[in-house]
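There are two complexes below, and they share subunit A, which is joined by subunit B in the first and by subunit C in the second.
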Partner chain A sequence: MSVERHFDRDLDGLREAILRMGGLCEGMIHSAVKLVIESDPSLLPGITEREDRVNGLHLEIDELCLNLLALHSPAAGDLRLVAAALKVNSDLERIGDQAVNVAETGCFLSNLPQMKLGDVPRMAELAVAMLKDSLDAFAKKDVELAKSVIRRDDEEDRLKSQTFNELRSLMQSDASTIQRALDMILISRNLERIADHATNIAEDVIFMVLGQDIRHGVVPVDDVGDETRAAAPKSGS
Partner chain B sequence: MSVERHFDRDLDGLREAILRMGGLCEGMIHSAVKLVIESDPSLLPGITEREDRVNGLHLEIDELCLNLLALHSPAAGDLRLVAAALKVNSDLERIGDQAVNVAETGCFLSNLPQMKLGDVPRMAELAVAMLKDSLDAFAKKDVELAKSVIRRDDEEDRLKSQTFNELRSLMQSDASTIQRALDMILISRNLERIADHATNIAEDVIFMVLGQDIRHGVVPVDDVGDETRAAAPKSGS
Partner chain C sequence: MKMTMIEPIETEKSLRRPEVGAAGSAPVSGGKPVMDVRELRAGYGSGDVLHGISLAVPERSVTAIIGPSGCGKSTFIRCLNRMHEVAPGAECRGQVLLGGRDIFAMDAVELRREVGMVFQKPNPFPTMSIYKNVAAGLTLNGVRDKAVVRGRVEESLRGAALWDEVKDRLDGPATGLSGGQQQRLCIARALAVEPKILLLDEPCSALDPSATARVEELIHALRKRLSIVIVTHNMQQAARVSQRTAFFLMGELVEYDDTRKIFTNPSDKRTEDYVTGRFG
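What follows is the complex of A and B.
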């Protein structure tokens, strides 16, 4: 096999490993939220089993990336793909951690009288959709989809603050809810962190495709891809 | 200047930028915790000003790393240094975010009657020491110091759980403390996250120096550097 064909095969393998890891994370969040909603701790082992696979892929993908850099010295767009993969890998691993946190807190909650879930199911739905779309954007190099992920993060932040305020009021009016309300606050913060990581992935996709680093608001998301306003691509294109 | 000398100069510049960013983060945590302890919101602008510089360095260091990879195709230990720098960069940026969160919560708290700080100052001291030592380990390629950072993370986790339980009991016994206790719980979680990021940096230092990826417990920290038990270095050495 030629060096170029080895390289293409390795890049395909890298993309495929990222998407496999992303799929595991999506499933973990789904199960963790189901565990909370249905007070069903029997879902925990399936989640921790997938965490082990996510952690294995975390190490494997970093090694794939370093091997690609060492063997093929990629440039321009290929280099940006490898750099994006390193970052997406780290975000996915943290998403897996957050899903486990949701599930573990859900197990504590399942021993207590049920309380209303408020916006938590909506936060979960939004976070999973953002993750799924950020991974689709990575797979299809779809800048518009990545931009739509970034735009949705404000709604998740708003839901997190609203949930926090509602649960604090509930604790203040009824002390018997304190333990459960605290746990729900932790769960809503885990979900908001998942949405943050999906946003990071979307930003990495934009950098990978366009060579534009839009983090920290240096390019407003609505200006992304607009050549008249955007900075020139970095590291070639 | 020869290509080799350009390369060495660029690597030195990268190391120097990471340490500058780390120094800013250390200062931010110090000020944020001082703000909480002294109920002094006037410290906030100095913290957000440093956050802007940290965010600027975050973009700059990623660009330095990609340029190094594109121009010099480093191998073995030099490649691992660049890969570690990419990750340390991301951890430091998140540490800066956490310090800002501590400071902002401290500003809310400063409008409320003071409450006892419990283990929060100790958690802050431990997190700052772990960050400082992880950066020293990076600068000096000191594996033993990196290992000592990783070992201290359990103590930070223990303090976080203890703080959570104490504050929950306080809320349950005196509803007038709910708002303040919630804020202190958030602060203690921010500090614990900072210690986690310092631990990540220490793990990256070990990989950078030894080529051993010890994350997810694949190599117990006490076995690091022990050739009879450890896996062979990856990607050359």
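What follows is the complex of A and C.
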């Protein structure tokens, strides 16, 4: 016999706040990349305004989690959800900061002669898709989607290394590009960090759903249990 | 009172340990088993309350029994020192081995010396002093040497973290103590006969948070010397004090595992629903 719990409404509120914060972060990255590609500094105020809202949610979600822990002493799946929410909250706040970094660097770049963007748009596309999918995986408790996010991080790292190498060669061959190339390196570095945070979120989703901690490669992503608890209940005596 | 029916299981098949993977046979972490319960069934004449429980109580550790009201957890621990069979119409079948000995073949007084019990409501002997309450078990067991009794009383009261509070009024009435002190006195009384296992049936349900914290600290200290089986409705208490937790539901053992696992990532959906407060 199930009973409806006041606590469930609070947990729904927590999930909703995380997804709202994630949505804001996605929009910030889109705008920041658009600012870089179109050399349009007028987009910056909209990004910093959203960062304020993200920071507000960062504090609000932390407080909500602490209240849930203190007042309800959650256990099992509920406990893992609150623990995951605390960590996802930190990752999203950092993603917001990195989107602002991309935008501000883009503003500097807009005052300089244009240069080839190389793989940066592709890195941005990949990072945004990873963030979106990690949040979808959080909302739907989708382990397979979370695993696919983690697998994509290698591609983002490869693109970053390739971008670094190309820009290093460019600076060596043409000293006049140094300032612009350094800015592009900063942008690609921030995009790669956003993908890392999305990967963290995906790992937290796996912990939340399966109770399996796979961080730092302790469990290879391909070995993450494909049996969910619902599929494999342990029978009684 | 109806005769208690004890039917030891004798077939070779039924004496075998349950197969690995069954809830009751989860690997025992933290020590070898001091008590082994096999296919325990118990009831009160109108049907079984326990439907074949198998679990091993590890040595020097705390095992918590949790579950909703009526799930059989109190009946279960009352079987472990044969208190169940003193109830009218009580029946009990199956096997409980204490250090390899079948408890149903043991003398009940001898068994209860090895497996002590403390109840929900503190029940010191109301007409006796604090000292005599603790000495009662020793006297009953024929210990006559006053120096030995005195030493054991002090040791037991110290073991129950009560000595400093009562050492100057040992001859005072036990009923003059607070509820929390009375409960620790009952624990001291049980400790005096040096049991291997202490059964605690909701020992803190009548105590305030401060007295509860003292009893919980005591449980932590005692598990260095003996095994404790605690029945509790307070799941936070189970999580705080125990190393292993068994979840009972309608007379069945649903899951028995390390406490950390039960409260963070239980294997059975019914355990998850119970520990998260979705039913019960």
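Quick note on the criterion: the second predicted complex is superposed on the first by the 221 of 237 C-alpha atoms of A that agree within 3 Å, B and C clash if a C-alpha of one lies under 4 Å from a C-alpha of the other, contacts with A are read in each partner's own complex, and residues count from 1 in each chain.
Definition applied: contacts are C-beta pairs under 8 Å (C-beta built on N, C-alpha and C of every residue); 3 or more make two chains touch, one makes a residue touch a chain.
Quick caveat, the model's predicted, so the values are computed rather than measured.
Using the contact criterion defined above for the overlaid structures, shared-chain residue A:218 touches subunit B, although it does not reach subunit C.
Contact with subunit B, but none with subunit C, is seen for A:87 once the two complexes are overlaid on the shared chain. By the touch criterion defined above, A:142 reaches neither subunit B nor subunit C. In the superposition on chain A, A:40 makes contact with neither subunit B nor subunit C. Within the superposed three-chain arrangement, the count of touched residues of subunit A is higher for B, of the candidates subunit B and subunit C. Judged by the touch definition given at the top, the superposed model places A:155 against neither subunit B nor subunit C. Looking at the shared chain after the overlay, A:77 reaches subunit C, while subunit B stays out of its contact range. Looking at the shared chain after the overlay, A:5 reaches subunit C, while subunit B stays out of its contact range.
Common to the subunit B and subunit C contact sets on subunit A are residues 73, 75-76, 79-80, 234-236. Across the complex, subunit A is touched by residues 18, 22-24, 51-54, 235-236, 239, 249, 252-255, 262-273, 275-279 of subunit C.
Residues 55-56, 58-59, 62-63, 65-67, 69-70, 73, 75-76, 79-80, 83, 86-87, 90, 168, 171-172, 175, 178-179, 182, 185, 213, 215-216, 218, 234-236 of subunit B are the ones that touch subunit A when the two sit in their complex.
Residues of subunit A that touch subunit C in their complex: 1-3, 5, 7, 73-80, 210-211, 229-230, 232-237.
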